[in-house]
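As written, the chains take the letters A, B and C, and residue 1 is the first residue of each chain.
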Amino acid sequence: MLPPPGDRPDPRPASPARLLGTSAGRAVLVAAVLAVTLVGAGGLALAGGTTARPAERTVEAAPEARSAERPAGCVTPDRRLDLYAVELPKDPVTGQVRLGYGLTPQTASYPGPTMEMIEGECLAITLYNQVTASTLEQLRTDPAHPVGVSLHVHGVKYTQTSDGTVHSASFVPPGGSRTYIWYAKPRTATSPGTAGYWWYHDHVVGGPHGTQGLRSGLFGGLVVRRQGDSRPDRTYVTAFGDRQTINLRRSAEADTCDPVNPQPGPTCLVAKIGERVEFIVIGLGDDMHTFHVHGHSWADTRTGVVEGSNRALVDSIPVIDNKTLGPGDTFGVQIVAGDSVGPGHWMLHCHMQFHSDLGMSTTLHVLDENGQMPPHAGGHSPTPPAQGAPAPAGAHTNHR
Amino acid sequence: MLPPPGDRPDPRPASPARLLGTSAGRAVLVAAVLAVTLVGAGGLALAGGTTARPAERTVEAAPEARSAERPAGCVTPDRRLDLYAVELPKDPVTGQVRLGYGLTPQTASYPGPTMEMIEGECLAITLYNQVTASTLEQLRTDPAHPVGVSLHVHGVKYTQTSDGTVHSASFVPPGGSRTYIWYAKPRTATSPGTAGYWWYHDHVVGGPHGTQGLRSGLFGGLVVRRQGDSRPDRTYVTAFGDRQTINLRRSAEADTCDPVNPQPGPTCLVAKIGERVEFIVIGLGDDMHTFHVHGHSWADTRTGVVEGSNRALVDSIPVIDNKTLGPGDTFGVQIVAGDSVGPGHWMLHCHMQFHSDLGMSTTLHVLDENGQMPPHAGGHSPTPPAQGAPAPAGAHTNHR
Amino acid sequence: MLPPPGDRPDPRPASPARLLGTSAGRAVLVAAVLAVTLVGAGGLALAGGTTARPAERTVEAAPEARSAERPAGCVTPDRRLDLYAVELPKDPVTGQVRLGYGLTPQTASYPGPTMEMIEGECLAITLYNQVTASTLEQLRTDPAHPVGVSLHVHGVKYTQTSDGTVHSASFVPPGGSRTYIWYAKPRTATSPGTAGYWWYHDHVVGGPHGTQGLRSGLFGGLVVRRQGDSRPDRTYVTAFGDRQTINLRRSAEADTCDPVNPQPGPTCLVAKIGERVEFIVIGLGDDMHTFHVHGHSWADTRTGVVEGSNRALVDSIPVIDNKTLGPGDTFGVQIVAGDSVGPGHWMLHCHMQFHSDLGMSTTLHVLDENGQMPPHAGGHSPTPPAQGAPAPAGAHTNHR
């Protein structure tokens, strides 16, 4: 069911950053309880291929970069991307405006495409604002607030020109474009580096903190790797937002896996036993949440794993299976799917009971070595989990 | 007042896990502001004794274990326990249903008995559901939700058969029993291990997340130790739940110590100066809380202590005296009672002001070297703390 | 604009603790969105000078210290300070009572003066309660609750006589005084030490947890340094409280910098590029918050920096730019202003969207090497940030 490991691209440890999530970009009507973006083998293959980079352009061909200052250490961008902010179909239940970022206008989604960088890399992203002034005006309450969309990023380095804020005038009016430069500064003796699990988001829509942009879906995950970091086989983004926005829905759409033939996707978390699965966990909105996975745990470190020869210090690091996060917090963990616990339907949910009861819960489906879910995996009921009902046709398709 | 150190059992660092909390199991009407379970010298002695293990059975005599799959690494359970889920007397103030786990039906309590394991051990626990179908039906709102009780655990390894969830059919209907297998996987070069402070809880009562089971009291603490870990002299469980459940009560019952002759118990936290006191801190429910102790602090590590020869790294570890936790979070700390600060009535409370003002506060009573509270310890008022009123007769007795 | 580095005092790494914040003490009408106390070069110079220590007295001249017990390790106080609790002008908007601590009655402020100690030091602070009984009675709801003000501290060691609580009778009635002794116990093989970012606060006003004292402003920051710790060039305190108290104001007063000639102050966070800026971050009240700074990040360690030769362990430490904190939590970070990102107006805000939208946001103004804000720093709009309106005359002056 899953692509065989041989289909996965080379890990390319020293290569420049790659943009992930292309396949996930088609997930528009996510309406997920946990907003999950799949960035798995397929996404990597597509983004990393030599012929399928519609959004990547050569460095030389980007004159607009001259308008952006570079953070110290970034001599010239190593790579360029285009990013589009577009309006998606309104939420079918609430009628709320939905916005998304995409590598192309047609593939915009929320969360947006997951970005990947490696320490040392400098990335130029040109944001095209295709959201109409009318929509953006509708999302603000203060008529003096400017109309635009922006790109603000956590963790990596950027100058005021790439801050994505109103006061720095680093946003994009409707119909315009602007190039943002991110620098994944490496760790040195005096710098802690920028490797980590981060996110990017609008900081302008609706007000000076971009609250309506975030609420509408203008955010995505970013992972910055360090030379030597373990590469995951699959990457999923799980975003914990407010009941008003993305996450707290009472529907089957938290998990749209086909129980017979599960295909990895934004709302279908699947892995084969033994695969290294990476979660990028994002908190946003107004509320606290927790990230809990059944049967799996991780070290509370930068990546969820820990190595080291200093036994006493290694032994001092907490191992956890539940982690609290507030808005703006991001972290990532790498776990080995089914390690010691076998295949099965492993719940992944917020442990705030009223959140999980309202639907902030999904499942990590761990398949056996043959890519199959054992009929009675671990002795569980042969019926699929309650959330596992097939998604309505087209739920993963951009109808825009 | 406290048993002399000589009465404590051997630390037995390499022994298999032992179940703690037997003496605490009698505390049914806890109604505590901080739900506190004492697992001190007495509890250890009882559980570890050779003649007083009513709930432990030999490995060979447990055919029901054949129905449970074992997580990888657990060849066969090293030890077996029985656990009973029973209905306790209703909350005298709110009339709310109270449920508890116990090593015997007569000693069920909430929180339930504190479990202790050591890395490498595999434990089989047979849960007997003695809660009536009528009570369980009363706690659900969805008539399609099954009626049962389960055992879900954090941190250690288990297969889907021991997940304790509805979708895996690993729960126990009224009158039934089921064996759950927990494996405390050791730390290796590729595994972070399972040593830590965890909890176990129902995941079925009322709904697929066991919210009503948790709310009623079906949870308890679990500590998994690593070879070489320091052993505490006393272990207390402090659970921070919602105002609706356990913790936010405005009564004297947060601290039922007899001020003249304090006896350690679930709502009487006592230690002699110099003793190593361990707290297992559990967050549950819907809200955030903080764990704060006056006069004492700890390193923010797996155990609250830190050792190591790498000075720079050791110096990098934060030392704290207040730690935020969300539902599902657990941590543990070991502190030396009265270290540098002497005997006295040291407050232990949630630092959210409206929580502490509503009663989420208790006291760690640190006695002097003679096991006495100095009449004017540290110059304090000779009157006992406000919360220190004697408990109503029988408050610690299971009236069921 | 900023004092040249040459005006800064010697770092004096081995000197005893010094009290900071004298200049900040004049900020009474802070009314800040983020309650910020500047403790910069000026404050250090004043507190560290040999002729300008009005609040420091010789050890020999303090007979009242005899009434206070000393924590183990404190042979005799190394230094003495006076601290005054006074009533400040009522909040001009809400009419709420405002209280503050000050090194002199005239310089009381909220937050109070920032304290600095070094591990090994023992400090005696005599608190004079100049708040009237009438005001204190007004702040309590329970007529049986005593009337007084106290000093409770986190992180350092103290006996019950310095606990600042009701039950220990360690508070100060109106018109009275009391000496509290704090001991910054050093790190040893068996003690984690007390170096860290802490706070002190009242624990008596209004009720046994001092909720009304905290709400009114009776708190301040404390940093305990370890021998060898990096010294910052500037220290700011940012406190995150409830909407009812300090932080959530919708006004220009979150940032009162003069955009032409910014002067560091409690509500004007300024640094020159390359300066090491230290934030002491305090959570108080009832709510959760997050501390987020644009363009800057730090290691999640005791000081925000990390050193060490064990590469694997150093690489395991998370680097973050957003940190959640609950009431009672404190942490500190040292960042290099503008490192890699250049000068500019860098936002500092709570990432809970409804908090930042209500005004829980300010700006770290990073000047260039000449102490100037480039006219178009980083390409930003030449207009000052929205919050940058000049403060009303006298906003930094104690009108009392």
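Some observations on this one:
FYI, a residue touches a chain if its C-beta (ideal position, glycine included) is under 8 Å from a C-beta of that chain, and two chains touch if they have at least 3 such contacts.
These figures come from a predicted structure and were not determined experimentally.
Interchain contacts join each chain to each other chain, per the touch definition above.
Annotation, chain A versus chain C: rotation angle of 120 degrees from the Cα superposition, expressed as a multiple of 5. Separation between the centroids of chain A and chain B, computed from CA atoms only, is 36 Å.
Across the assembly, chain B contributes 288, 299, 306-307, 310, 313-314, 317, 324 as residues in contact with two or more other chains.
Taken together, the chain B residues at the contact with chain C in this complex read 288-290, 292, 294-295, 297-299, 305-307, 310, 312-324, 339-347, 349, 351-357, 361, 377-381, 383-386. Within the complex formed with chain C, the residues of chain A that make contact are 67-69, 71-73, 152, 154-155, 157-161, 163, 165-170, 183, 185, 187, 189, 191-196, 198, 207-209, 211, 214-215, 226, 228, 284-288, 299, 301-303, 306-310, 313-314, 317, 324-331.
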